[in-house]
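Each chain gets a letter, A, B and C, in the order it is written, and its residues are counted from 1.
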Amino acid sequence: MAHLKFSQTHEWVRLEGDHAEIGISEYAQHSLGDVVFVDLPQVGSHYEAGEEFGAIESVKAASELNMPISGTVTAVNEALIDHPELVNQDPLKNWIIKIKVTDASHFDHLLDEAAYAKSHK
Amino acid sequence: MNHKYLPHTDADIAGMLETLRLRSLDDLFADVPEKVRLKSAYDIPPALSESQLRTHLGQSGGRQLVSFRGFGAYDHERPAHIDALSSRQEFLTSYTPYQPEVSQGTLQYIFEFQSVVCELTGLDVANASMYDGATAAAEAMMMAVILTNHPRVLASGALLPHVLEVLKTYAHFRGVELVVVPTKDGVIDTHELSELSKDPYAALIAAYPNRFGIVEDLSHLAEQTHQNQALLIAYCDLVALTVFKTPGSAGADIACGEAQSLGLPLSFGGPYVGYLATIAKYVRKMPGRICGMTTDNRGQRAYVLTLQAREQHIRRDKANSNICSNQSLMALQATIYAVTLGRQGLIEVAKRSIGAMHYLAERLVATGLFKKTYDAPFGYEVALTYRRKIDALNAKLTEKGYLGGYPLDERTAVYYAGEKMTKTLIDAFVAAVKEADHEI
Amino acid sequence: MKYDKLIFELSKPGRVGYALPDQDLPETDLNRLYDANLLRERPAELPEVSELDVVRHYTNVSRLNFGVETGFYPLGSCTMKYNPKINDEVASLPGFRNIHPLQPTSTLQPLLRLYDEAATMLSHISGMAATSLNPFAGAHGELTGLMIMKAYHERRHDSRRTKVIIPDSAHGTNPASAAMLGYECITIKSTPEGLVDLQALQANLSEEVAGIMLTNPNTLGLFEKDILEISRLVHEAGGLLYYDGANLNALLGVARPGDMGFDIMHMNLHKTFSTPHGGGGPGSGPVGVAKHLVDLLPNPRIVKKDGGYAIENAPDAIGQIGGFYGNFLVVVRSYAYLRVMGAALGKVGPYAVLNANYVKEKLRAFYRLPIDGKYMHEFVFNGLIDQSTGIRTLDVAKRLLDYNVHAPTIYFPLLFEQSIMIEPTEGESKETLDEFVKIMASIAKEALEEPDCVRLAPHFTPVGRLDEVAAARKPILNYREYAKQL
């Protein structure tokens, strides 16, 4: 069963066993505006929780993407290379990276959907 | 009495102060501490009229010389329409094109400049220009460091000295180890390069042509650096690229340099204009402004600054660079020059410069006073070794109205000849050299 | 119909736009001089056009632009004042323009004297002990100034100072420059009055702070009235004060950064000192320093020596930050400006501040003034007071273009969501200001009564709003790329 949680920096992580998908929230895509580019990491790279794994650019802003939990990148969403707007269209469905989790402890510190919604009112 | 740049009459000021419910202009500065308020006028001279200024500045110039010196600043034939066009107020007085609807002029010529640079370098993308060649090289260096994550860069000892100095300064303050690769026989010492390549590095910056006017083979350098997972940055003169193999086709990752040689006046060193170009995959790591084509809401083809998310006003402390401007007007002038000379003309400029230089070198060597310092193939600059002290020769030549070769050491100098140099002018210079040598 | 041709599209093989002198030398045979592998294989695809083609083309391209002489250009923080023609004329004198940077100094004495005089005048105006004219632009001057700050601490062998304090209202180049040099930026929030929060400043000062970067007046146009206290606090903590000279125009005739305690500063000749912006350059960003930092100014330097002038490299300098001596012809223009202004320079600040306050008072009935402070040469509105029809700052800015006024700076400073930063400059008459007020008031009215007119603006400019998203998603950055997809 997949658990969905959010970080303070507006990434979401959908954890299923020891694998996870990571993307950005509805709030994040809305603040950015039309996404023009997603800077994807290399498959096989490892990042700790909180570390920057990539970046996402719109016309008026650019944001780092930070790991909500620690892991190794197993896949990047290549569709975003030619169609970065997929992130705007469905931010919760269109994941950015998939990881194999190396340390799930941070997952407990993340916000569930309700808490996240409250946090940026 | 009013000043011609300050239109306010006393009545204007009184009326405006009344709207603000203030009594005097002084009231506007209530928040400025008394301690720092100026109590007296600036210590600058009283105002001049325009004719007085013209006279004064007419007497404040340098002495114009017939020049056989390049070394980073190249004299070329400059068509009159460049100034006529670039001094149009719409180009001259406008600001950075942040409101693209009223800046299509600027944006379009930047697009054309970028196109010209790509054509000449053979690379995929170019930016809207940089301050000058040396700072463009420094920015290219940082770009490579960021891309590879190796804070170590190798730079050819045959780059122009002022380019090396700027690279050193930027490297020092940005925590990059800059290693100068020694030269041998006027080119990069390949053995030394191999040794230095054993430790990881971000890039090799090679000069093309180099400070001795020599044209080195970039393809081998590209191969070698790529084998070491490093980038090749080629510091090139754009005029040379019309006839010599381009950095793009040689496999360089970045080309940068000084575009002053595209018809900009010598100007005692500035304003000039730097350029930077790279391969497509590095476009988002390129510093500086970039202009792209798009459409407007009326379906028209138009231009706009793009990929701005990389830049300082958005990324702030995460920007690729702090650069906030380019040398727009100079890029315009360089573009007008390049398109005026065009496909054939720029090749002619290069060929004739090379021809003039080879003729001059031949004649100087034939006097018996000089030897070619290096054997390697040269373009429109060459290093020659004089039999006596070059400073003494140059001093005499200056008395005669010439600017001789740039001294590299006590006896060696680098000479330049451009397409303006005719046989007559060159012969006269050679005669002057013989005379000067005699007089020392 | 907008002029829509690229120079490449006017090309016809065989056409020429140039004439080169007959050298009376044999034609150069490249194949004889060089190995084939050194030579270019195919020519650069530059256009082949006649001189008239070039002249018509760029004349038409220029008409797509709005310049200071086209109309009012109240860009906050940019000081778009009139660029006097005499400045351009004297900058074109052959004795300046035809001079090679590496000529012997014996041929350069009057020119070097001029250069030195320009630097000296700028030092007098800024209250600094010495000024380097080498940096090419404001951002470049900032970088140079921060290198001086870093070198200062390096030479004191103080490696703890890794941070720089920057107010949240700062221009983006400030943190970018600091970060470029490896500094960590500490951002301190402004007070509700829009000024540096002294308590926040004190809390963040420590032995790890190299210095603070400030603009004064700040980017909101407000004078940091506690500047002497800020200076004292930072100096006591062992840090240096850096002054971003973008807003120096407000202080001409009023005060000098050097007297406020700043140790290092940059100026913008293309803002305060009337040199043309050129569509984005060339500018010039001279750096001034207090006495104790003079040795650190960049090389090469033009110095008084043996009754004349020399070009030297000083051993303690931070190094070289540009190829030669800066944008010399730009310096000549600013020199001309100072020589023609003379004592009138002292009126620039007061008139600039008067103009800004006048416009602010007249428009505050229509636009939100988020901070009712004592503004100087510029001020910031935070969008329309009445935004019930959804008209935002961007729309107002675009509608202004229809009235032949260049929009003010928008969306900066970042402190306010709908920033409109207006800087009239001292050279605009009361009539121009009244006209601007009328137009802005009229747009505010349109926003309520005919919002679509504003929302879909501009209507009368050569092009309408541009698709910036497409430009960033699928960048076409040169003619070759464009031609490929035809």
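The rule we apply is simple: a residue touches a chain if its C-beta (ideal position, glycine included) is under 8 Å from a C-beta of that chain, and two chains touch if they have at least 3 such contacts.
This is a predicted model, so every value here is computed, not measured.
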Q: Sort the other chains by how far their Cα centres are from that of chain B and give me the top one.
A: A
Q.
If I average the Cα coordinates per chain and compare with the overall Cα mean, which chain comes out closest?
A. C
Q) Out of B-C and A-C, which chain pair has the most contact pairs? A) B-C
**Q.** CA centroid of chain A to CA centroid of chain B, Å
**A.** 43
Q: Could you put a whole-Å number on the gap between the CA centroids of chain B and chain C?
A: 19
Q: Indicate the whole-number Å distance between the mean C-alpha point of chain A and the mean C-alpha point of chain C.
A: 38
Q. Counting only residues that touch at least 2 other chains, which ones in chain B make the list?
A. 308-309, 314-315, 318
Q: Check each residue of chain C and list the ones that touch at least two other chains.
A: 468, 472
Q. In chain A, what residues contact two or more other chains?
A. 36-37, 57-60
(Q) Which stretch or stretches of chain C touch chain A in the complex? (A) 411, 468-469, 472-473
(Q) Give the list of chain B residues in touch with chain A in this complex. (A) 284, 308-310, 314-315, 318
Q | Contact set on chain A toward chain C in their complex | A | 34, 36-37, 57-60, 84-85
